[in-house]
Amino acid sequence: MEPLVHLRGAVVLLGRFPALAGVDLDVEPGEIVLLRGANGAGKTTLLRACAGLVRVTDGDAVVLGHDLRADRRAVRRRIGMLGHATALYDELTVVDNVRFWARAAGATVAHADAALERVALPDRLRDVPVALLSTGQRRRVSLASVLARRPELWLLDEPHAGLDQDARDLVDELVRAAAAAGATVLLASHELDRAEAIATREVTIAGGIVRGDRRLAAVTAPPPAEVPDAG
Amino acid sequence: MEPLVHLRGAVVLLGRFPALAGVDLDVEPGEIVLLRGANGAGKTTLLRACAGLVRVTDGDAVVLGHDLRADRRAVRRRIGMLGHATALYDELTVVDNVRFWARAAGATVAHADAALERVALPDRLRDVPVALLSTGQRRRVSLASVLARRPELWLLDEPHAGLDQDARDLVDELVRAAAAAGATVLLASHELDRAEAIATREVTIAGGIVRGDRRLAAVTAPPPAEVPDAG
Amino acid sequence: MLADAALVAGKDLRLEARSRVLLNQVAPFSILVLVLFAFALDVEGDTLEVATPGLYWVTVLLSALLAVQRSSAVEAADSNHDALRLAGLDPAGIFLGKAAAVAVQLLVLEVLLLGGVALLYGTEVTGVALLVATAVLATTGVAAAGTLYGVLAAGLRVRETLLPLLLLPVVAPVLIAATSAFELALGGRSGEGWAWCGLLGVFALVYTAFGVLAFGALLEES
Amino acid sequence: MLADAALVAGKDLRLEARSRVLLNQVAPFSILVLVLFAFALDVEGDTLEVATPGLYWVTVLLSALLAVQRSSAVEAADSNHDALRLAGLDPAGIFLGKAAAVAVQLLVLEVLLLGGVALLYGTEVTGVALLVATAVLATTGVAAAGTLYGVLAAGLRVRETLLPLLLLPVVAPVLIAATSAFELALGGRSGEGWAWCGLLGVFALVYTAFGVLAFGALLEES
Amino acid sequence: MTTVTTEPTRGVDVDDAPRSTGSPATRALGAVVLALVGLLVLLGLVTSPAERVQGEAVRLFYVHVPTSTVMFLAVGVAALGSIVVLWKGSVFWDLVAAASAEIAVVLTGLSLVTGMLWGRPTWGVYWVWDARLTSTALLFILLLGYQAVRALPADRTTRARRCAVAALITSLNVPIVHYSVDWWRSLHQPATISTLDPKIDDAMLVAFAVGMATYLLGYLWLLIHRFRVGWLEEQVADLGLGDALAERRAEGLADAGGAP
C-alpha cells in the first residue's frame, strides 16, 4: 500500500530562500512521526507543504494520494493542522470560533461542541471573545477547532507549546487515539521527552533536508506523570 | 534586607475579571522562582503586574524598592521581561531591532551586538527583516534584546517555548549566570523538568492566588541533558 | 458554494455584530467626512448644492475602503487566512460571502449617510426608485472589487496602504456613474438616470463574475 | 528627553525607509483622491478654482490619517507597545519622536501634493512664504494630535477604524484655518493670511504641549 | 534579503550567456522602425498640410492617436497574456503580459502628454476634467498599481497570479476610456478614424497610416526586447537558486545534529 505522505527531493522556496532543499520522506498510515531539528531547520515549512499551504517547486509531493504539485486543494478537508498561530477570530466567542471552523471544514455543530468539551475549558469562557483568553486557553480553543474536523492526517506544529500539564497529557491522548483510529500524525516539537514518548518514529530535519530517521519503540503507557497538584 | 518583590493581597483586574485575586509573594534577591500553574491561573498577569504593565488595584505591590501603586514607571529600566509576544518590528532587520531596544533601555550598541552574538543566530540573518524569521529564530532575537539590557530583575514568560535544544540550554545558562551575578528571576513555565532544574523555588499559582510554595534544591549542574545532538 | 457563502457571510456579520466597528466607527467617520466637506467647500453657498451627489459618493467610497480593509484585516490576523484555505471552502463561496457581508454593511451605511446629507446639505430626496437601484448596484460593484483586492493584499503587512491605491481607481467609474445617476434623480430627471444605473449593473455583474472566477487563484497565492 | 525623541523618530523613519509605505502607497493614494475630487466636483468649471485649497487640505488630512494609522499600527503589533513602556523611555520623548517622524513624512507628501494640485487644477502658486509657514504649522498640529490619539487607539484591535473617528473632528479647525490661509495666499492676499497662520501656530503649540504632558498618562492606560 | 548570489554556478559557461537581447530578426525590425520614424517626421511635419480649424496643431494627430490606440493594444495584450496565466499558469505569458503592461505605462504617459500638448492650442488649457482625459489618467494610475503589485515580494507563481488579476481588472477600464466620449458630454474628439470621413485630406491619411505603422512596429520591437530581458532575469534567478540550494543543504550537512 502506497505511503500516505510521499516526498522526493521536495523543494520549497520562501521568497528566494530554499526553506526545504530537497526533502525525501515517506510516511505510512498510522505512523506518529516526530519532526525534530534546530530553529529554522524547516519543520514548519515541511508541515505547511504537506497541507498545500506553500508550493513545492521541485521534486515529488504526494499526500493522501493526491499530487500536490497538480492540485493543492484536493486533500485539505482531510487534513487538520495546528500551527504556530491559533487561527481564531479575536472578537468572536470561543463557541462561535470552534463552530465556524468546524462547519467550514464540513463537520457539524455537534462535533464542534463535543471537541470543545474535550479540551476542558472552564464553562465561563464559552461565551468570552477569544481575545481575552490566556495564551494556553487560546491554544486549547485552537486545538478544539482542529479536533472537530476529525482529520485523517494531523499536522501539529509544537502542539504542547503554551499548554499546561493536563492539556499536554490531553494532546498526547488525542494523538495516540487518532493514530489508533488509523489516522496519521506529523508533529514538530522541541519537547523531545514528551514527543518521543508518543512518537513511533523520529525524523531529524536540518538545513531543509532530512538528516536522520529512526523508529522509536511505540510507547503506549502515559508519559512519566508530573506531580499532579495544580495541573 | 527587604525583599526584592513584595506582594500582599495583590489584586489585578482585567476588564472586570480578577486575574489576580490577592497574591502574597516575597522574592529575595538572587532567587530563581518558577511560577507554575494551569492555563489561565494568572502567571502572565503576575509577571505583568511586577513589570507595572497592569495596575494593582488592591493590596501592596513593592518591586525593587518602589511601590508600584504609587509609581509604575520607576523600576522599568532595571527590569527585563520576555513575554508571550516577541515585541519586534516586523520590517526592521534583526540587528536594527536589537539595537533599538537596547538603546531604548539605556544600553549601548555594543551590548546589543554582544547579546546578539550570545544567542547564536546564523550570520546570514543579521540583516533580514524579522518578519521572515522562523518562530524560534524570532524568539532568539527577542531574547537578545532583553539580554542586552542586563536587567536586575528578569521576568520570563515561558522562555523555553519555541526554542530548540541549544537555545533552551542557553536560556538555562543565562538564568543561572544572571542569578549568580546577583540578579533575580521570575519565570513562568509549563516545562517543569527543565524549569525545576534551574529554579531555586517553585511557586504554584491557581485561580489568581498562590497555592503552593516550596524551595528546590538549587541545582548547579546542567539539567539532565537531552541527547545533545540536533540542537 | 452558496452554503459556503452563507457561512462566511454569517461569520463576518457576526463579527461586525460583536465588534460594532461599522456602527460605532465607520458610520461616524463618514458623517464626519461629510461635515468636513461641508466646511471645506461651503465657500460659495451654491457650491454645495451642485456638488452634493459627488461628495456623497466620495464619502461612501472612503467608508467602503474602511469596510473592505476591516474585512480583509480580520482574515489577515492570526493566520486565519491559511485556516480558511485549509478548511477547503469553495473559494467562490468565500468570495461571495465576504462580498455580500461588505455590501450589506455598506448599504446600511449609505442609508444613514443619505439621511445625513439631506439633513446637513438640505437636499430634498426625489427619484427614490432610481436612488435605491443605483445604491444597490454601485455597492455590489464596490464590494466585489474590494473583496477581490482585499484577498490580494491580505497576506501583506502593507495592506492598510496598498488597498486604497489599488481599489480607488477601479471603483472611480462607479463613483462617476453613481454620481451622475444621483444628480439626475435629485434633479427630478430620473428617466435619463436609468442609463447610468444600467452601466452600474454591468460593473456589478462584471466584477462579481470576475471575482467568482479569479478569487480562488488569489486566495491560493497570497 | 530629546535623545529619546531622536531615537524613536529615527526608528520610525527607518521603518518607513524599509517598508516604503508612505512613498509607494500613501503618496499615490493622495494624488488619487485629488483626481477623484477634481472629477466629482468639476461640474461647473469654476467650482474647482474656488474649492482647490479646501480639497488640498481634505486630501492632506486623509493622507495624514493613513500616516498616523501606520505609525500607531507598528506599535500595536506584537506588543511593541508594552515593550516601549518597559524600556522606560521618557513618554514625552516617545511622543515627540513619533510626532516628528509623522510630521516629516507628511511634509514630504504635502510638497508632492502641491505639485499635483498646481499641475491638475492649474493653480499657480503665489505667497510661498505663507504657504510654507501654514503647511509646517498645520502639519505639526496634525502630527501632534494624531500621535496623541494614535496611542489611545494603539491597544485596540479596531484601530484602523477608531482612529479616523477620534482624529478628524480635532483637526477640523486646522482644516478650516489652513484652507483659509491657502485661499488668501493663492489669492495673492498673503497679508491677511498670516492671522490664520498664527491660529495654526497656537493650535500646533497647544497640541504639542498637551501631548508632552498627557502622553505618559495615555501610554500607561492603553 | 536573500542568500541568492547572481554569479552563475560552476558548470555553466559564462560565455554561453547571451550578450544582448538582439537577434537578426529584431535588429531588422528595429531598423524598419527607425526608418518609419524618419518617414513620419517627414510626412507629419513637412509634406502634410496644416488643417483649417486646427492649423498646425493638427500634426499632433499623427502622434497622439497612434499612441492612444497602441496603448489600448498594449493593455489588451497584457490582458490576454494574463488570461492564459490564470488558465494555464504559463511563465512565458506572464512575462509577455508584464512586458506589455510596462510599455503600456509609457504609452499612456505619452498619450497624456501629447494630448495635453494638443489641448493647449485647441482648448486653450492643458487639462480639463473631461471624461476621456480623466479615464485615461485613471488608466495610468491603474497601470502604476499593476507595477506596485508586481513589485510585491512573492515567489514567481504568486506574482504571476496576482499580476494577472491586476492586469485584467485594469483592462476593464479600456472600454470605459474608449466609450467615455459617448457616455459623458465630452470636449474630446469622438471616434473619427473609425468612421473614416472623406473630409480628411489624403496626405493626412497617409501620414496617419505611417504613424500607426510606426507605433505598432515600435511596440512590437519593445515588447520582444523587454520580454527577453525578463526571461533572462528569470534565468539568472534560477542560477542563483542553484547556489542557494547548495548552501542550504551544506548548512544541513554541517549541522552536527541529525542522525542519532
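Note that the chains take the letters A, B, C, D and E in the order they are written out, and that residue 1 is the start of every chain.
Just so we're on the same page, a contact is a pair of C-beta atoms (placed from the backbone, for glycine too) under 8 Å apart; a residue touches a chain by one contact, two chains touch by 3 or more.
Remember, it's a predicted structure, so these values are computed and weren't measured experimentally.
Participant: For chain A and chain D, which third chains touch each of them?
Facilitator: Touching chain A and chain D alike, sorted by label: B, C, E.
Participant: If you average the Cα atoms per chain, which one ends up farthest from chain C?
Facilitator: B
Participant: Can you compute the centre-to-centre distance for chain D and chain E, using the mean CA position of each chain? Integer Å is fine.
Facilitator: Computed value for the inter-centroid distance: 36 Å.
Participant: Could you work out how far the Cα centre of chain A sits from that of chain B, in whole Å?
Facilitator: 28
Participant: Using mean CA coordinates as chain centres, what's the gap between chain A and chain E in Å?
Facilitator: Roughly 47 Å separates the two chain centres.
Participant: As a quick test, compute the distance in whole Å between the mean CA positions of chain B and chain D.
Facilitator: A distance of 38 Å separates the two centres.
Participant: Which chain A residues touch at least two other chains?
Facilitator: 14-15, 17, 37-38, 41, 90-91, 204, 206, 211-212
Participant: If a residue has to touch 2 or more other chains to count, which residues of chain D qualify?
Facilitator: 19, 24-25, 28, 32, 35, 39, 157
Participant: Residues of chain E that contact two or more other chains, please.
Facilitator: Chain E, residues with two or more chain partners: 1, 3, 134, 138, 141, 145, 148, 154, 157, 251, 255, 257-258, 260.
Participant: Considering only the defined contacts, which chain D positions touch chain C in the complex?
Facilitator: 19, 21-22, 24-26, 28-29, 32-33, 35-37, 39-41, 43-44, 47, 50-51, 54-55, 57-58, 61-62, 66, 69-70, 73, 157-158, 160-162, 164-165, 168-169, 172, 175-176, 179, 183
Participant: Any idea which chain C residues touch chain A in the complex?
Facilitator: Contacts found on chain C: 4, 7-8, 11, 14-15, 18-19, 74, 77-80, 82-89, 220.
Participant: What part of chain E is in contact with chain D in the complex they form?
Facilitator: Going by the criterion above, the answer is residues 125-129, 134, 137-138, 141, 144-145, 148, 151.
Participant: Going by the contact rule set out above, which residues of chain E touch chain C in the complex?
Facilitator: Chain E residues touching chain C: 86, 131, 134-135, 138, 141-142, 145, 148-149, 152, 154, 157-158, 161-162, 164-166, 168-169, 172-173, 176, 183-184.
Participant: Which residues, counting only chain A, touch chain C once they are in their complex?
Facilitator: Touch list, chain A to chain C: 48, 51, 53, 72-73, 76-77, 79, 81, 83, 85-93, 96, 100-101, 103-106, 129.
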